[in-house]
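See below for the structure under consideration.
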Amino acid sequence: MKEIAIVGYQQSDSRSDAGAVNEVEMIMPVLERTFAQVGINNAQDVDFVCSGSCDYMQGAAFAFVAGVDALGAVPPIKESHVEMDAAWALYESMLKIRMGHADSALIYGFGKSSPGELPIVLSQQLDPYYLAPLWVDTISLAAMQARMMLDQGLITERDMAEVVSRSRRNAMNNPHAQLSGDMSADDVLAQETYVSPLRKGDCCPVSDGASAVVIATVEKAKEWGVPYALISGISHAIETHNMGMRDITDSVSTRIAAERAGMKAGKVDVAQLYAPFSHQEIILTRALGLGDETSINPSGGVLAGNLMMASGLSNIGEVFNRIISGEAERGIAHATSGPCLQHNLVTVLEKAEKA
Amino acid sequence: MSQPEILNQAFELGYTYTRSTGPVVGRFLTGLKNRKLVGIKASDGRVIVPPMEYDPDTAEELSEFVDVGEQGEIVTFAWVKEPREAHPMNEPFAWAMIKLDGADVPMIHCVAAKSESDVTTGARVRAVWADETIGFMTDIRCFELV
Amino acid sequence: MANLAAVVGIGQTSYTTKREDVSIAGLVREAAVNALEDADLTWNDIDAVILGKAPDMFEGVIMPEVYLTDALGCNGKPMIRVHTAGSVGGSTALVAASHVQSGMFKRVLTVSFEKQSESNAMWALSNPQPFSTHLNAGAGGYFAPIIREYLRRSNAPYDAGIKVAVKDRLHGARNPLAHLQKPDITMQEVEESFMLWDPLRYLECCPSSDGACAMVIADEELAKKSPKPPAWIRGVAMRSEPTMYAGRNEVNPQAGRDCAADVYKQAGVSNPRKDFDCAEVYVPFSWYEPMWLENLGFAPEGEGWKLTMEGATSLDENGDIPWNCSGGVLSSNPIGASGMIRFAEVARQVRGDAGEHQVDGAKLALGHAYGGGAQFFAMWVVGSQKS
Amino acid sequence: MSEEEQEMITKVEAPVYLKYNFTAGSAPTRFLAQIKKGVLAGQRCPKCLAVYIPTRGSCGRCGVPTVEEVELSDKATVQSFTIVSIPIPNNPIEPPFIIANVVPDGANVSFIHLMSECVNEEVHIGQRVQAVWKPEDEWGYSMDNIRYFKPLDEPDVPIELIGKLTVTGEEG
């Protein structure tokens, strides 16, 4: 099977409000930087393009069609789209390369979530008969999950606050982060509760932005002559939509995905976990069996800026960055979808052997 | 090129949506209309309320309905200090997962309470019915502490 | 080279204006169960589910794969949701095929659906956006001017569209699943139907349907063991181009031509009219048959309408290259599923399992879908033989 | 049959309305700021030099931002059209009416707008038209400042030149 590498990654700033910039205007600068990083001109220089977005973020049907306007798709290109986080667009691109129909692919994700009331928008993901009509927002669902963990003694509020503190501090090194700063766990605990037991700091912000990744066969990566990291495994799994039927203090599907992706085959130096709420990072860390040897969310993770439909892809890019910089040799990137970690994807990245 | 001003305009995206329920969801909603709660038995015998159409573990179609009580116990909850406009309650309230008597799987609904400190995991609650029930999820106006 | 993959199970719902007896999950489930039964498989035999549908706003359920997990037996398995506008049913089938062709999966289920009646919207999703003119009169309003330009270029007789409208409804009358059942339709009836978007009459336009379509796609080894003949996937291609750019050929889009050339090359097709036994092509408005006959190389540019008028595309007239034997999009249109129905119907043909609309001895067939402003294309070629 | 079964619920009304604060993109905003002043402003692609109106932010062909503003004529050519016989939701205009794809002089792409003051059956591809504006005090950030396009008494534009005229209406 052809080895596949990631060769480029760029992200926009994560902003609470992208202002006048529309979707195509948000995507273009990110793509431009990605192309420059890889040393290619535009989407014509890759064999396949796949994007991830969701119409309901900005509130317009066919939002992804605008994305095609950023690609220079004349002559026409091989292109597809998932109404999911772009990490799944990367997954689709991997299939395309593995089947021999592409040697390289551009993947991008974008979301302008600020125009709507995101936690309420996402309530309409839920069961359309039993839950969507109640407008149960995503923060409240996560708060119930957190309380269950607190009640069962699986975590403390301080554990959660420490996740937040580390995120904000790590984000100080991330120029694209929306929330960063030298915030201690005590500072977090000093915040009043928001949707109890969650504090504002426990919740990811609402963000606008985009990110892009280029992947290619190792042969192609070498031809391009750019640093690359290997994608040694990728897998995902979804769970029942009835939260009452899941153990929401655990993430079974994350564990399944990590096993299938071969995470356990080696040491994990870095893990970028898509945890929109502080306690979910703890769930994921435990589900994956990660210990002290693993640096968790060095970018700050989505608590420092949550690009809906793109942050899962960004996580893959952030691990890539740390491998090519030499900070890490092996890492995993996680993406999630659905309420309370219903659907999870795990990618394993590794340092390439010296060519 | 001068720096563009920002042009904003509020708009509402929406449709009326008339949903056909199918027999399982329809049976539950019919129960609500009659102020009764009904669950369904999963392949492993657990009683799920509201009833799911398909078993999460075996993917089999489910059909064995079971009546459950209108009282239950809070499994976990979230306290909403500032209800959002779309929320079913205007005053501070709790979202809760509630395991009804006779059910094994908790359902999600809201719980009316004066303050967060009144609500606890394990607390007993009872369904409060809307003045008029029409066969919709909001026929349960909320749950209240017993 | 891609691993071999084949369609080993096909399931559809019947298509109708409103499926009032099922939930959204129930609708999707029905097609999926039919596909599993057709393949003589159970839920445990499925390794992943690939779901497709057009905009979530049709049902108002955001990212519905999240809610449909249990209906599709997907708990613990991979689930992916594709959305490429009107071409999505075709694109979804291609993404499903790639799961197997990549060698990463042995057997997957793919499902696409639309329960668009739920939205009660008159012209699907044409609600106004701020700062733009509110002249959106539905898809017909968008495509009618393009059709007018085709008429100008080709000098096609005014009734070529009418002929397609009749032909596809007569085909649909052979297909018990088709939404419109009009066995007695006449040219006169179509011609006298209300002119909606000149030159498109009411009966030259697709209906709006609820429905779902599903397929099981398996690798070579499992396909060989399948109880019914597999439909081997001989070529897969997709192409996209922007909605609008200076000099864009909207009548005969390059993306469609390029996509066809790509898929033909894979399948060893040099003369599509001769090499294919039939085709299912996305024709939501009658005139798109002659337009796509040209775009897909079945006829020289400007002459697609001649095939239509000669009856070459008609099963009832013993045409040499029947198009849309199932009745096509003109007979059933659950938008998100419409592309997959095309792909599934050609698989039925080469499996010899198309019932009253079977083309005798069909061995090689083209499935086609398009979407957006005729800018997204998905195609596959299936055959009764591996090569 | 029990009473309960007789009244089985089979459907529910479940409206979903979500509020958004729509923001025009920055390139669209520049177009809208001009049309508020009664000016049809196109934007030129720096690579292929095509002029777009109304711009969406990029040249679809090249995938780059359209930056340079180009003032266009309000005279235009009909690229194609349809006669619509059904009402548009949320639009008071009464059918039958003509929606035409018109290319303003100086632009290379068309946009759709209404045509009026014409005999519907006589509208044709290549026909010359001109914008009829609303009174100035009604102008806002909208293409609707143009009420409709009306026929001009000028010779038709040859097919191969549609979308290629300069801002003065000459062969580009």
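Per-chain residue numbering starts at 1, and chain names A, B, C and D are given in the order in which the chains are listed.
Note that in this section a residue touches a chain if its C-beta (ideal position, glycine included) is under 8 Å from a C-beta of that chain, and two chains touch if they have at least 3 such contacts.
Not measured: the values here are computed from a predicted model.
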Relative to subunit D, chain with the most remote C-alpha centre: B
Chains most often in contact, by C-beta pairs: A-C
Gap in Å, rounded to a whole number, between the CA centres of subunit D and subunit C: 30
Centroid spacing, where centroids are CA-atom means, of subunit B and subunit D in whole angstrom: 45
Centre distance in Å when subunit A and subunit D are each reduced to the mean of their C-alpha atoms: 38
Geometric centre distance via CA averages, subunit C-subunit B, whole Å: 38
Contacts with 2+ other chains: residues of subunit C: 20-21, 23-24, 57, 59-60, 69-70, 75, 127-131, 242-243, 245
Sites on subunit D at which at least two other chains make contact: 10-12, 14, 16, 18-24, 26, 28-29, 32, 59-61, 141
Touching two or more other chains - residues of subunit A: 19-20, 56, 59-60, 68-69, 71, 73-74, 117, 120-121, 124, 128-129, 132-133, 239-240, 242
Contact set on subunit A toward subunit C in their complex: 1, 49, 54-56, 60-62, 64-65, 68-69, 71, 73-84, 88, 91-92, 94-96, 98-101, 121-122, 124-129, 132, 235-242, 252-253, 256, 337-339, 342-343
Subunit A to subunit B touching residues, read off their complex: 19-20, 56, 59-60, 117, 119-120, 123, 128-131, 133-137, 139-145, 147-148, 151, 193-198, 239-240, 242-245
Interfacial residue positions of subunit B with respect to subunit C in the complex: 7, 9, 11, 13-22, 24-25, 52-59, 61
Residues of subunit D defined as touching subunit C within the complex: 10-11, 14, 16, 22, 24, 28, 32, 48, 50-52, 59-61, 79-86, 88-91, 99-101, 108-109, 112-114, 125, 141-144, 159, 163
Footprint of subunit A on subunit D - complex, ascending: 12, 14, 16, 18-29, 56-65
